[in-house]
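Data first, discussion second: the structure below is written as structure tokens.
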Amino acid sequence: MRWNWKMALGLGMIGALALLGILAPLLSHADPAATDLMLRLKPPGTVGLLGTDHLGRDMLARVLYGTRCSMGVSFLILGVSVLTGTLLGLLSGYFGGMADGAISSVMEVLLAFPGLILSLTVVGILGPGLWHTVWAICLTSWIGYARLVRGMTLTLREKEFVKAAVLGGCSHWAILGRHILPNLLGNVAIYAAANVGSITAQLASLSFLGLGAQPPTPEWGAMLNEAKGFLSVAPWMAIFPGVALVWMACGFHLFGDGLAGLLRQDPQGSSDGKECGKGGAFTGGRTL
Amino acid sequence: MPGYLIKKLGRLLLVLIGVSLIAFGMTHWIQGNPAELVLAQTGVDPTQEEIERMEHQLGLDRSLPEQYLTWIEKVLQGDFGTSYITGVPVKEELAYRVPATLKLTIGAFLVTLGLAVPLGIWSAVQKDKLPDVLTRGAASMGLAVPGFIWGLLLCYWFSVRLGLLPMTGEQTFARLVLPVLTLSLPLTSRYICVIRGCILEQLEEGYVFLLRSKGLRERTILWGNVLKNAAVPVVSLLGLSLGSLLGGSVVVESLFSWPGLGSYLITSINNRDYPVITAYVLLMAVAFVLINGLADLLLCLLDPRIRLGGGRQT
Amino acid sequence: MPLLRLNNLCKSYGKFQAVDSFTLDLEEGETVGLVGESGCGKSTLAALVMGLIRPTSGQVLFEGRDLWKMTGKEWKAYRRQAQMVFQDPSASLSPRMTVGESIQEPMRNFFKWSKEQRMEKAKRLMADVGLSLEGFNRRPSAFSGGQCQRVAIARAIGVSPRLLVLDEVTASLDVSIQAQILNLLADLRKAEGFGCLFISHDLGAVRYMSDRVVVMYLGRIMEVLPGEDLPQNAKHPYTQLLLNSMSFIEGQTAQEPFTPKEGTFQGCPFYARCPYGMERCKREIPSLKSFTQNHFVACFYNL
Amino acid sequence: MEPLLVVEHFSVQYQRMDRPAVDDVSLSLNPGQVLGVVGESGCGKTTLIKGILGFFPHCVAGVAGSVRLEGKELLGLPDKERRNLLGTSMDVIAQDSGTSLNPMKRIGKQFSQILGEKLGLSYQSSMIYARELLARVNCPKELLNRFPFQLSGGQRQRVLIALAFALRPKLLLADEPTSALDVTVQGQVLRELELLRRDCKSAILLISHNLGAVSRIADQVAVMYQGQVVEYGETHQVMDTPSHPYTKGLIACVPSLSLPKSQRLYNIPQGGKEWEGGCRFASRCPERIPDCQRQAPQLRPGKKGGLVACHCCG
């Protein structure tokens, strides 16, 4: 597989951030949750490298530990949605009938709730909290995968090589696993690379609304929420988590863009170039 | 065309029923026993007998389908119950909040179209030249970064640092500028990419080759043919994007303390004010489904292949 | 008992009759050619024969047993004994599997062979269809259309089928490659002795390959005749139209233009385009009548 | 007579290809004559047409030689001047009739748009002209009110032919105009093409993979193999007494109806390794001599007339 600069840069940005998150205890000895009201709102350089927030917590530690929360949770959501969405999409596209009817109806009703609102509703029912937001985002983000995979399965199912596999005595599971799944993984990867940015944004948005990670958990969205009230006195409280968030978002975006370009050039990568070519422009499904 | 519309209408109805079932489920199972809730407002611990009487009064002892029908009837009349917190009927609060949100979303939608359509076309025409590269770069940034970050930035520069535009106070035009910009930014970026992509895709089509080989001017080809064809996928996306505006409005309203539905929702979630949440969800879903229905209708009028039922769709 | 018998086979999609009252026998080792223009139901017929779709009415009988009444075991045996090669060579191989894996797959599913046995057989097959072994571990994208078609043929004959359905196997290939594939199929048929249903729009190729030729129009059989009777003894006006068009294109004869009749008719499907149409053709569907011993025509005009 | 079209030493090289797609091709075409170019996929026929039209895709790395229409050099012509030539002086019938018409416009509109811009006709008069044109290709005038997807493949191809002759071009480039059609329709469409050519006195450069179809209407035939012309001469001479082994093979490998039933089809052998120099056809050639691998043969007069590029039969 050839590389392109977008993908390499994006991967580098994300890798660097992930490394910072993993190495957080080595880079900052401060406890991200320890408050010290004596050291409130100190500007960067005076106390700690990045200053302190309104409760005197060390910003460097909070931004670094925030990586673990923001990035780790995003990947968790991504994993759950990719697995569920792909599985359900495959089943509903390949077998059709009752299963397809049921899954498609569920998707259609869930899609009737615009954008972030379904997630908001779920959090509304369950109450604010990080894990509640995780489930809320999972509930919406699998749909994109299911729709993509279902559509592609429907096209692939009619392809001659699948018919040939039927005639070659393959069982349904062999056809799904050996002939259909490998041919749509490329597009799922493109979609996922674009979608992970959107998941990060949703997670941060919900936290920013005060519904996601609850204080004192260090999470960038929640930190920005707290910083909102101190914009005029302590802009650094917003700048550092904001920069981190932008850094991560751009990293994912570049990576996704690069991957899409790469797989689209490579005719093997996407068995249905036209369809995914358009999907690329709409990737991520839900933006804020 | 009638066949297509009837089919779409049928699906729309089914989805609305599904939505109402979810909302009913919310009121029924999640909020706890409404009878107890109502009685709790009196401040005295109710007896079992009182609860049962109240349940009868509220119709809770009837079968579920019956309850659903009564509930639907009430909802259709605009009765969403009363807020647990303020005791004010939800309907009244909504009537005050809806116009504020409408101002915001419609404003953002217009800004999006006004910016994205010319920029998208320009970018496609100037493909790989400087204007295209710059526009695409900007659009990429707008797409990658979460909307509320833009909001915070705009807020910091124009309101805190320059003091140009107010963040609080009356719902004036000046106060609307920042929220509208914030809300439309991600969508504008997305539309620039989509419009550009659709135009470029159309330019590769066989009919463009035919028109070029007849020596027609690029202007005729673009304005007389390509734009209309490229509009089809864009229009089919319009409905969805209004949805993302509605979703985004929650964040923007809460960021700029705009007294719309979104900020009302956030307060209610924090207070577990279930009747408000249910009403909000129902309202949004219905609005969204209807908007999508309208977009379908528009698409149907635009594209003869759908209207006359035949051929492959784009 | 014929190897394959199609008994009054019908398949309709809504109001559209793709295949209508199709009756045909195919003997062991015989090649029947099926010719018709696009949309005449050729590919639907192939899918019906292979059991990929269910007929609306009528039966597909393999050695006298109805496909759709077979037990699981019989069905699996049928799957092995009837194989098919498709039109689009690049689409009929799984893009993510190597060519070697593709060829081995049916063997793995139908035979309890060891891996070595399978590899050996697959390599021998590749040589049989005229491919070098360099490509064994390559993906189909590294192959040309003609080579992919050779791979598809190797995959189909690898399980020693008794019936091979060839659906427009040469249609998307270059002329010189078409000839190669036709000759390859003719050689393999001689060596393996399978019965063959050769479907094509190209009358020349069908005649070259087939013992008997079936001419199909809008889902119905117009004429069945021995291959050597073409082109001289064709009787049906549609067969004659096909022959005329071919020789016109090849620059041999002039062709009279004929404007199709407007409207829809109950009777013969070819009536609208038939220069000899009579009152009776408008109302009645002609059935297949014996002209000579091996020659059947569905036309009122000639009988 | 002054030839209408002269192509001299014309080469087109794509990026990342080891050999030019069109390699040193020289052809000439007199007014009102038909030149058939025959070759299999990948032989550079379509690139040749695009090159004559001046439509080079982005991946073209280099172009050399000369293409002259009525003595006027076409390579490097400014866009505006080329646009004036296109349609009226030269026109093209594209390969794929399915995508060559704008799917969202009625046929009539498409006629009027082209006739309006190129001939300055009003909508009414262009409709009258379009009806006349359709009648000449045996199409009912009702087609003008239909959309392309409501037409059959044969009708679409006829509409394209009518559109091409509407501007009475001096040169018509036809890229596989009938190969996607059923055999019964092919004959009719070819005949209509021939009639219109006679009426408009246009010259046609007809490209096809089917030697038979070309020989029906072409005065001269050029056979291409891997970007090069290997045989070039009068149609009857090339068809009846072919000189080049590739041409012989192409004619013999067609399962013609006149072939005795028991006779085996002639096979051009499969290609061997990659081309390493010398004659491109050498690895498949049954008449190859050692010289063929070493030195590329030049196109020169053959024994039976015409031009042949072969060491053994020149």
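For reference, chains read A, B, C and D in written order, and residue numbers begin at 1 within each chain.
The rule we apply is simple: a residue touches a chain if its C-beta (ideal position, glycine included) is under 8 Å from a C-beta of that chain, and two chains touch if they have at least 3 such contacts.
Keep in mind that this is a model prediction, so the values were computed, not measured.
Q: To get from subunit A to subunit D along touching chains, fewest steps?
A: Step count on the best path from subunit A to subunit D: 2.
Q: I want to compare two interfaces, C-D and A-C. Which one has more contacting C-beta pairs?
A: C-D
Q: Take the average of all CA coordinates in subunit C, do the same for subunit D, and state the distance between these two points in whole angstrom.
A: Using C-alpha averages as centres, the distance is 32 Å.
Q: Just the number, please: Cα centre separation of subunit B and subunit C in whole Å.
A: The computed centroid separation for subunit B versus subunit C comes out at 54 Å.
Q: Distance between subunit A and subunit B based on Cα centroids, please, to the nearest Å.
A: Averaging C-alpha atoms per chain gives centres 21 Å apart.
Q: Going by the touch rule set out above, which residues of subunit D reach two or more other chains?
A: Not one residue in subunit D touches at least two other chains.
Q: Send over the residues of subunit C in touch with two or more other chains.
A: Within subunit C, no residue touches at least two other chains.
Q: Could you tell me which shape the graph of touching chains takes: line, ring, star, complete or other?
A: Shape = ring; chains linked end to end, path closes on itself.
Q: Can you name every chain pair that touches?
A: The set of touching chain pairs is A-B, A-C, B-D, C-D.
Q: Give the list of subunit D residues in touch with subunit C in this complex.
A: On the subunit D side, the touching residues are 40-41, 138, 153, 182-184, 186-188, 190-191, 209-213, 215-216, 249-250, 253-257, 259, 261, 264-268, 270.
Q: Using the touch definition up top, name the residues of subunit A that touch subunit C in the complex.
A: Residues 159-161, 163-170, 174, 178-179, 182-183, 267-268, 271.
Q: Which of the residues in subunit C come into contact with subunit A in the complex?
A: Going through subunit C, the ones touching subunit A are 50, 52, 76, 79-80, 82-84, 86-88, 91-97, 105-106, 109-110, 139, 141, 152, 155, 159.
Q: Within the complex, which stretch of subunit A touches subunit B?
A: 105, 108-109, 112-117, 120-121, 123-125, 127-128, 197, 200-201, 204-205, 208-211, 224, 228, 231-232, 235, 238, 242, 245-246, 249-250, 252-254, 257, 277-278, 280-282, 286-288
Q: Quick one: which bits of subunit B touch subunit A in the complex? Just the residue numbers, please.
A: 11, 14-16, 18-19, 22, 26, 30, 140-141, 143-149, 152-153, 155-156, 160, 186-187, 190, 193-194, 197-198, 201, 233, 237, 242-248, 250-251, 254-255, 265-266, 268-270, 272, 277, 281, 284-285, 288-289
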